[in-house]
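Same chain, two partners: chain A is paired with chain B first, then with chain C.
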Partner chain A sequence: MDEMPKTLVELRDVAKRYGGTEVLHGVNLALRDGEFMTVLGPSGSGKTTILRIIGGLIRPSGGAVFLDGVDISAMPINQRPFNTVFQDYALFPHMTVAANVGYGLTVRGVARAEIRKKVDEALHLVALDGFGTRYPAELSGGQQQRVALARAIICQPRLILLDEPLGALDAELRRQMQRFLKQIQREIRTTFLFITHDQEEAVTIADRICVMNRGGIEQIGSPREVYYRPANEYVARFFGDNNLIDATVADSGADGLRLASASGEFRARTSLAGIARGQAGKVLVRPEAIVLGDAAGGQNRIRVRIEDASFVGPVSQVRVRAVAKPDLALLVKLPSRAEGILLAPGSEMEASWSESECHFVPA
Partner chain B sequence: MSLRAGIDVAELDEGRRARSYRIATTALAYLIPGVFILLPLILFLVQSFYYVDHGKEVHELTLRNYVRFFNDAAFVPVFLRTCILCLAVAVIAVAFAYPVAYLLASIEGRRKYVFALAFVIPLMMSYIIKIYAIRAILGSNGFLNRILLALGIIDAPLTFLIFNLQAVALTLAILLLPFAILPIFIALERIPRNVLDASADLGASAWQTFRRVIWPLSLQGTVVAATFTFVLALGDFVTPQMVGGTSGMTFGRIIYSQFGFAFNWPFGAALSVVLLALVLVALAITGLVTRRHPS
Partner chain C sequence: MIRLSRGANAVLLSIAAFVLVVLYGPLLVAVFFSFFTFENNAVNWGSFSFDAYASLAHDEGIITAVLNTFLVGAVAVSIALVLGTALAFHYNGSRSRFRELLQLVIFLPFLMPPIITGLSLLVFFREADIPRSLITVIIGHAVFVLALVYRIILNRLQTLPSSLVAASLDLGASRWQTFRYVLAPALMPAIGSAAILAFALSFDETLITLLVTGTSSTLPMRLWAMMRMGFSPDINALVALILIGSTMLALLAMRFVGAPARR
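Let's turn to the complex of A and B:
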């Protein structure tokens, strides 16, 4: 269990230019064999471009793509052992579901009886038994999605590329399909590279997340890492709500960081290497990690005044402001209670959080 | 309860108004072609059952025009030959149009519409000018002969280039090419880029993608293109007249002569009805062929 997972596909310094504009700047990415990686980023950040370069639909302008350590940059698309699930499914409208699913085998000249058997298996895997004779136009969106998946897995590719495959589905179906995809991925033990711009989706489904921004990768890590240990301010702001406080490193030791800020001293942890004294950056603390009340005992404490509290479903949001430094506002999230939150606006109390919940990123 | 009933009545009223509006627009949509196309056709059909006696049209219903068509040895062979000619036109036009449409559709970006337009503009040019242009190329003193003579490939002008049935077929195919290119181009255009990507992604070669995806998905447009050219070629009598010579007799020319020279309008009408029947059969076949896939 301790051996390093094998790298399946690797991008080294992959760049892509269209005309004069570079849309991908020297991207490095190593996909591990058997993992489920999601690529997350705002629109136009280059997610689809990366996927298409791996799939072979477009050629990189610089850098190289490796499979099992072998450069496959020049390998044509129809020879790469990868298959894609397109966002709008891209099913062949003139073929039955069975012909669609069996297409990859048909073009490889596999015997008919064999194809029929494999198609039945694939349709069974995606829970579409008996749909083989239908045409794509006769299926619902979710069913078409599953046909596209069955079509992609039937050739037993080393890697399945999915470009926002759930984008067109409604919320409930989307959640169902997320579980379903994850389950299938475990069953067939194939590497998945899954594009989404839905944070929640990326976090629920992934083993690792690759966060992109403006044609570059900001961080690759487990959902917990990118959430609690963001590599930089961009990632820190990208995932959910976060409190960021300007600070500089006063002391860095084996047991953590001591940070000086205008609102006092904080103790934090960081997983980043090479943080030295005097380094400026941000202290991060998640709204749900802050405890309000004078009795609470975290290493980091600020005296705050309650501004307002609002009920937003399972959590209630409380806005507070530092008494000593009124331009420092913090967001605090508490579990909602039926009787409401008994915090009168204007009252003062301690806000505290522990060192382990506190993180630092350099500016 | 009474309030609800009131609302229901109002909704009913609303529904009725919408329905009567729909009926009115539908009626109009049928009325206009009805008056301008169907009515003349019906009058024509009726006239085909009249006959001419000593230069006078007799308004008595009779089948004698149709009997004459089937019994007179002059008509049926020309009719059959015209069918074959027009099929040949359709095949030639589509054979040329498909690669052109394919190239047009594979041009990247918006430029392809500019190029496509360049091919459609000849559609709007005067028909007569185009025929004269073709005559100027194929004629015995034409462009092609003069080049061949100048190059010393031939000693005397080739005469088989024009004034025969092959010349008619070739000219019609050239004239009707845009009508064949357009439906095929549109069909190819409508194939989503992603579907072609998916085919390659699943391991298909370029040829396999063409045979299994592009060709079947453009087949309907190709059949429509063939029908277009076939039907338009059937109805044409000017082209055969201008490049057909005496051996290039077609059914369209015979019909024209019944109206223009013989002044036997009822017989001309009967021959036109026969032609119309053939067109309807061609359209019906097209309809059957193109309605196979639910897509």
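Let's turn to the complex of A and C:
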């Protein structure tokens, strides 16, 4: 095994109930020191609830929160070495930018000259030099965002929690802020836990992604892992387009899986442990991993008929159907070419993909 | 923004002007006659003087009444501000059903006819063996204006984003620091307007005062007593003073209430 970075914050079996409704259950999450983790999931899946439990705004109904291995479940919010960037920024409207940024130091009784110095540094870090005397209402959305970040950074917290901080920004500013956040995170070497419900954002910005659904964690892994090696069907469908084919495990060996399906046999890999013969599930193959044409060589092959091909910018989407089993439709993505793709609807050819591009998840 | 038509605006303006003239016009007559005398069915233009005011200033009873009014107002409003703020925080922060009951108790003295409120206070003071004095008047006024103070402060508290308090605590502030640095400044305009409106209420409260006071009297009571003996230049002068005081309070209150949120 690799040298693992040490765990900063850990949630063990955390649950949260409001009255009779359970909004979080069995949440186990280990945040590594210095990583940038995004929490991704549909609305209402419990992302904010997790963040608030870590930050100390609410108490879990079950389980515990650990910091450096010590149970901090009962530690009040104002003693936790974490700071939050709220979705609505929550800047204090009656204070100047400088007073906002320095607030965490002011309440700790830090000397005034020291505060002024640190505030200037923090404003410099977020590229807002000279904005100290303004009021929050005199700033643009992106600038308020950066003030909120500077305010969270100034106390040098162990962990910064961000609840969909870019939600209110337009697409261009959003991308700019993503790069900016990542850059700052590297500069100050602090762990970030970043909530979003934008898949693309989660994939671009994160070291690891935590995928949530209905109050539980579906998978935690690197962007590549959750994209190519999803732990289950939910995650497989959550990120981008995917082809899912019903199959059963015919043989599982050290070199991979042999799968039987109505459309023939496939060879696939899986990173999941304990998959035995007879296990039913889905074969996954990404549309961009499929090669069309009789000359193409891949371990997995099906004879298909072209249904239609459409140009959608940088990629062209081709819909094909298995000749032997017409209810199996596949989506194929090919790089677009100026002269178009010469695939006449109705023509038959081989669709193939390699074993390493093929993944199996149990049902 | 929704705009009214020209016609509707004109109608509203005329109604406002009419109300102003009919309601407050006669008071201007009183103000006028605090400077002039009326002899043989005609205004004696040569009689202009501040005599009425001077005699007010020498009237021991009036002076005590003015002082009493201000004392009662200041103390009752202070009590109501402290209680009202605390109760508003309680209502905003608690989830218990008890808070609805408590709120009803706060509103009742304000919503009930003053005669009922005054009578129940009177009965209470008698049963509790508290002698009627300025203190009972202060308690009565505090109970009466509490609802207003409470409602104004609660209103502001409820419209404050809850993330402000969360952010303050999150940044390491104690509860007291959060109140001191974040909530109090945000509530200040509300507290200010509540104080002025409550003082204005206390200033001309008559019925409850009449029932729970001992021998001391406040300005409106004094005016009431004097009017029963017929109009005199003194009364006109007193009306003029009360009018000026009330108008100034109203203007002040409007500045606070209508002021756009600072920055």
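The rule we apply is simple: the second predicted complex is superposed on the first by the 361 of 363 C-alpha atoms of A that agree within 3 Å, B and C clash if a C-alpha of one lies under 4 Å from a C-alpha of the other, contacts with A are read in each partner's own complex, and residues count from 1 in each chain.
Convention: a contact is a pair of C-beta atoms (placed from the backbone, for glycine too) under 8 Å apart; a residue touches a chain by one contact, two chains touch by 3 or more.
This one's a predicted model, so the numbers in the text were calculated from it and none came from an experiment.
Overlay done on chain A, so just call it for chain B and chain C: clash or fit.
Superposition check on chain A flags a clash between chain B and chain C.
First (chain B), second (chain C), both or neither: which does A:V107 touch?
Both: A:V107 reaches chain B and chain C.
Who does A:Y18 touch here: chain B (first), chain C (second), both, or neither?
neither
In the superposed arrangement, does A:F311 touch chain B (first), chain C (second), both or neither?
A:F311 sits against neither chain B nor chain C.
Intersection of chain A residues contacting chain B with those contacting chain C?
Shared contact residues on chain A (touching chain B in one complex, chain C in the other): 55-57, 77-79, 82-84, 86, 88, 90-94, 103-104, 106-108, 135, 137-138, 151-152, 155.
Can you check the complex and tell me which residues of chain A touch chain B?
The touching residues are 55-57, 77-79, 82-84, 86, 88, 90-94, 103-104, 106-108, 135-138, 151-152, 155.
Quick check on the complex: what are the chain A residues that touch chain C?
Checking each residue of chain A against chain C gives 55-57, 77-79, 82-84, 86-88, 90-94, 103-104, 106-108, 135, 137-138, 151-152, 155.
For chain C, which residues are in contact with chain A within the complex?
Residues 161, 163-164, 166-174, 177, 181-182, 185-186, 261-263.
Could you pull out which chain B residues touch chain A in their complex?
Listed in rising order, the residues are 192, 194-195, 197-205, 208, 212-213, 216-217, 293-295.
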